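Next come two complexes, and both contain chain A; in the first it sits with chain B, in the second with chain C.
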Partner chain A sequence: MSPSHAWPSNAAQPAPLDTRVRMETPEGIDLVLRPAGLLSRSLAFAIDLLIRGALLVALFYLLHAFGEFGTGIFVLALFLINWWYMVLFEVLHQGRTPGKQLLGLRVVHDDGTPVGWSASLLRNLLRFVDMLPFGYSVGAFACLQHPFFKRLGDLAAGTLVIYRDAPTARPVLPQVPAIVAPVVLTLEEQRAVLSFAERQDSLSAARAQELAGILIAPLQMPANMPPEQALSQLNGIARGLAGSA
Partner chain B sequence: MRLTEARVAIRPRNPWEAVDLGVLLARQHRRLLMTSWAIVTLPIFALLTVLLWDYPSAAVLLFWWLKPAYERLPLLILSQALFGAAPSLKEALKAWPRALKPQLLASLTWRRFSLSRSFNLPVQQLEGLDGLLRAQRIALLGQRNLRVVRCLTSMGSTLEMCFWIGLMLLFYALIPQQVELDWSWRSLLEIESGWNWLEHLTNAFYALVLIVWEPIYVSCGFALYLNRRTTLEGWDIELAFRRLRQRLVGSAYALLLGVSLVFSFSPSTAMADDTVDESNYSCPLPPLDLPQTEEQLAAPGTARLLSQPLNSEASQSAIKAVLDSPPFKNPKAVSGWRLSDQKRDAKTAKNGDTSQWLTRLVLILLNIGKTLSSVFEALLWTAIALAVAWVTWRYRGWFGTFVSRDTRKPQVRRDAPRQLFGLQVDIESLPDDVASAAEKLWPEAPREALSLLYRALLNRLLTDYQLPLKNADTEGQVLERVAALNQPPLHDFSRELTRHWQNLAYGHQLPASEVQNDLCEGWRRLFTRGAAT
Partner chain C sequence: MKQRQFEQRHDDEWQRFAERLVVLERSRGKNDAGTGFAEDYRRICQHLALAQERGYSSYLIEPLQQLAMRGHQQLYRHRSQFAAQLLSFVLADFPRLVRTEWRLVALACLLFFGSLIVMGLLVYAYPDLIYSVVSPAQVGEMESMYDPAARRIGQAAERASSTDWLMFGYYIMHNIGIAFQTFASGLLFGLGSLFFLFFNGLMIGAVAGHLTDVGFGETFWPFVVGHGAFELTAIALAGAAGLKLGWALLAPGSLRRGEALRVAARTSVRLIGGVMLFLLIAAFIEAYWSSMTWPHATTKYLVGAALWALVAAYLIFAGRTAHAPD
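Here is the complex of A and B:
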């Protein structure tokens, strides 16, 4: 393989590709949204489809017993489930249908606000365009080509399907005495040190020592310090950053 | 591979997000990926078609079977594009045969049906592992990702089918109707060699679908692989640590270099050491005023900074006072009527009764479903009728304007002018019996009498005959309009009256006395009788 060309050092690096979108609120707060792509969305849709199908079959057998009245009710239910299932769940359940709930997705407006009646109705009515010509081909194609993974309905309604932020468990830090960092660390660096301490269990021991070894010189540890000690030093700094709790 | 040159944001993602990153990656390089894929696969497809002309299904099956061989090309491009510039089309095509050789047989036979194909491909192609090592590596990497990888492959095959059928339907929809008539299904079902081209055409649609989807599929598998390694090896941490090192050591080196340059001319080396020592601390540590235990330091509620004039409690109360005052809080007293709690309780109890009663009622009614269905039918029809009535009433103006069945141009109803060339012509200014009033007026003021008659005529023309008279019309124009009505008696009378009126008004010639009689009689004949009948 040919060696990769180094980017000219004076040229500005293009922004790295990321799946996150930053949305600034009027209060100057950055909200990070993570748009969801075709795979998770199509799975959520498949789950919803199964639920709806099962519901309709069950209702059919149940209401069949009531003769004409049952048939009438069934037809009403068919209408409701076909056209309003998605809309009602999205608007009344914080943008989540059962399928989206299972996959950790939700629907919001483009600016991150909860989805409203008009947007939800529009995006679900336009499903019938996305379905063309067969099996959501148009929708899938649009979803694969759009940077925020929008299908036509989302484009028209100005909505976004995003991953919900799951509540994170309290991280466990290694039990070492806290140390004050010998240099001032920026926010990003503090986060890196903290996540290094938090994720140590998932890293192999050799890899953890290798990572700690990178910081021996910048954090003013003695150059001949063994890597295990550098590791515990770094953990101590992480503890110092987290504060005792 | 240098992490600092990575073209994607490296951070641990959940597997679904990693797949999305793969889509974005393929999207960024789609032109290169799709062109190279097309250049490789389409000739192979054409070759297979020619060789297996009589067996179209075998041709497409073979083409499909060879997919793992083509998939090495997008991965080759993506792996280079991730940590540097993407290779050119020529470079990629040249490198492909070399990437094709290792483990091709395994990929095309016993690993062909693996659902985690795209995820395993980087392990064997980029890490060059085989046999037991490969199996161990895949087992380690695939621990949390296997479910997502399998979902990806199954969704991919479904998507291929959907696109394929969609393309066929689209093609069928675009055939002109005259051609379509000849394509009866019976003749299609007959096994004729003449229809082979059609099957090969639908096979070609499959090749087209793969151009769009396969690079994305490979890219998604690659992104999943990258994500797993990022979590396992802490790539994001390494990246941040390397940047930290660059920031601190890089700048410290520069400083050291500068300092040594300055002090290389000075004899004292001890001072230089001091300076270097200080320079290592870019920011002095804050002095700890009280030696306290960790617990005391940590508790957020306890009072701190007690040995200085503004301690934490005082500052907190000051902050609270500021936050409670107008720009942050605007307290407002709102008074109004509300239901008392007692009443609400009574209401809920009543509701509970109603629901019980309702369930019993529903149970009874369900037994006589037939009756209920008719009741519901009636209710629904009533609702529809009410809705239609309401809509009609609500938009009656709109309907009147746009849905009028009267196709003739509706009569423009204009307000009759109250004055014409300075003469009062509205009905209020005229007496009831114009002719008698004129007769009465005639001996003393013939001018007023004639004027009265003329004004009354204009009034009749405006109201009874709806003539569109304007303020700018002359007497002659009025006469022309009367002539256009095609009513000889009216026209004669009008002409006579106008002539006499003009003579009197402009020429000051009193009409003869018998004219009075003629005109009044004419008036009575025309209007009074008309009104009576």
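Here is the complex of A and C:
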């Protein structure tokens, strides 16, 4: 997470280290979009391809029984599934085809709004060029050299394939008495201490103590304090920052 | 305000907003979950901004971030009256668009119809030329399709309606595929569109010239003249839309290339909408009218001429009045 909040609102924000895109909305907040890379997008496409293939085979056998009329309907279905499968799903199902749904992806406009008919049609028609000369070579190349992993169709249509964020579980802070930090912490530092307290379950005990030990001097704790106690001190400060339950 | 207090104070509100979002995301129609949505959404945005400003933990900010994102998706839907828009597009916007882009349309028409006519005349004059663009097997296939003798024997009875359906499906698939290819390959700096326009012109011209030359013209021309009006025009327009993409890349003007492409693509996708409409009409005519054998050839030519005139008049005159009917 890039530390946007620590910057005055009128200053240029630093470029984030990761691939997240910040999109400012009219409400004055930043939406954070995470563009999806080549691998997950190819997998989603492969799944869609399999689904379409299975659908067509099933339809073929089903409609074959109706003779020429059935074949006519089948050819229409072939057209629909070939050119419209992606468009219909993307527009009517919140930017997600079944493949994208499985991989947790969705298509949005560049500004984060849901994808519409013209953009979706455009990006899926231009798929033809991305597939050239074989096996999506052009699309893969464009995707790999673009900071937001756009293929040519996305560039022309102004769309973006992003991850849908799964809801996160809220961690519980360790049960220690709250204390006031001995020095004044900047907002940035407060957040670092809070994150440390919330995420220490994902660290081994030794690593957590080691990290807490580093902070003994900057937080002006007694130099001979054992690391376990430094850890609980840090947790206490975090608890103080978060406020009592 | 401490984080915990903030959380306790607003947690119920966040929960309610999340539930409302679930309802909205499931249904596309109107429902009560939409009333007062904007105020609630703005409050979520405010809470998010506050939480970030006060340096609350990322476990608090992230769910708010997600709520705001989902709310944003609901609020800023590009929703439109589809039927009204379609009507005004057909009645005015599409022909206007074609006229605005007349340079590219003229170039595409010149290339497509030019190569078609020249190739047709050449093949008519030098019959062997056909084998340089079409393989002998395909030529044989074409000949058997339009052979007047075979037609009289095989199609004495009218084609069954189920066959019409078969052909309708086939024409849609085939023609729209060609049009889409011609359009999409325009992204390759316009070269793809140029190639497909020229190539398709050559192929169609060669086949037409050859069939006329071997004396099958009496079955071929009445068959193609009707739907050709829509089908050939549509291919030329698809080429023009593709050229627009390519031109934006070659000469982006004062914009950056990516931006110029996006602007051009917005226009050309509307052209493609019109092209699809044309091809749909063409497929109907091809499957249900062109295939009829009972009308006299003269009737077919007359209807064909009327259709060509209709297409030309539509593209030139429709939507000229300032107040288009909407």
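Throughout what follows, the second predicted complex is superposed on the first by the 218 of 245 C-alpha atoms of A that agree within 3 Å, B and C clash if a C-alpha of one lies under 4 Å from a C-alpha of the other, contacts with A are read in each partner's own complex, and residues count from 1 in each chain.
To be clear about the criterion, a contact is a pair of C-beta atoms (placed from the backbone, for glycine too) under 8 Å apart; a residue touches a chain by one contact, two chains touch by 3 or more.
Computed from a prediction, not measured in an experiment: that's the story for all the values here.
When the two complexes are overlaid on their common chain A, residue A:P222 makes contact with neither chain B nor chain C. Legend: residue contacts after superposition of the two complexes on their common chain; A:G243 is shown touching both chain B and chain C. Once the two complexes are overlaid on the shared chain, A:G67 sits against chain B and chain C alike. In the superposed pair of complexes, A:S195 makes contact with chain B and with chain C alike. By the touch criterion defined above, A:A156 lies against chain C but remains apart from chain B after alignment on the C-alpha atoms of chain A.
On chain A, the patch touched by chain B and the patch touched by chain C overlap at residues 1, 4-6, 67-69, 72, 132, 188, 191, 195, 243-245. Touching chain C in their complex are the following residues of chain A: 1, 4-6, 25, 27-29, 31-32, 67-69, 71-76, 78-79, 82-83, 92, 94, 108, 112-114, 116, 118, 121-122, 125-129, 132, 152, 155-158, 165, 167-168, 170-171, 187-188, 190-191, 194-195, 198, 241-245. Within the complex formed with chain B, the residues of chain A that make contact are 1-2, 4-7, 14, 16-20, 34-40, 42-43, 66-70, 72, 103-104, 132-137, 140-141, 144-145, 147, 149, 163, 178, 180, 182-185, 188-189, 191-192, 195-196, 199, 202-203, 207-208, 211, 214-215, 217-220, 243-245.
Put simply, chain B touches chain A in their complex at residues 5-10, 13-14, 16-17, 19-21, 23-25, 27-28, 76, 80, 83-85, 87, 91, 95, 148, 151-152, 155, 158-159, 161-163, 165-166, 169-170, 173, 212, 216, 220, 231-234, 236-238, 240-245, 247-249, 252, 280-283, 285, 294-295, 297-298, 366, 369-370, 372-373, 376-377. For chain C in complex with chain A, the residues that touch the partner chain are 1-5, 25, 28, 41-42, 45-46, 48-49, 52-63, 65-66, 68-69, 72-73, 76-78, 160-170, 172-173, 176-177, 180-181, 183-185, 187-188, 192, 245, 258, 261-262, 265-266, 269-270, 272-273.
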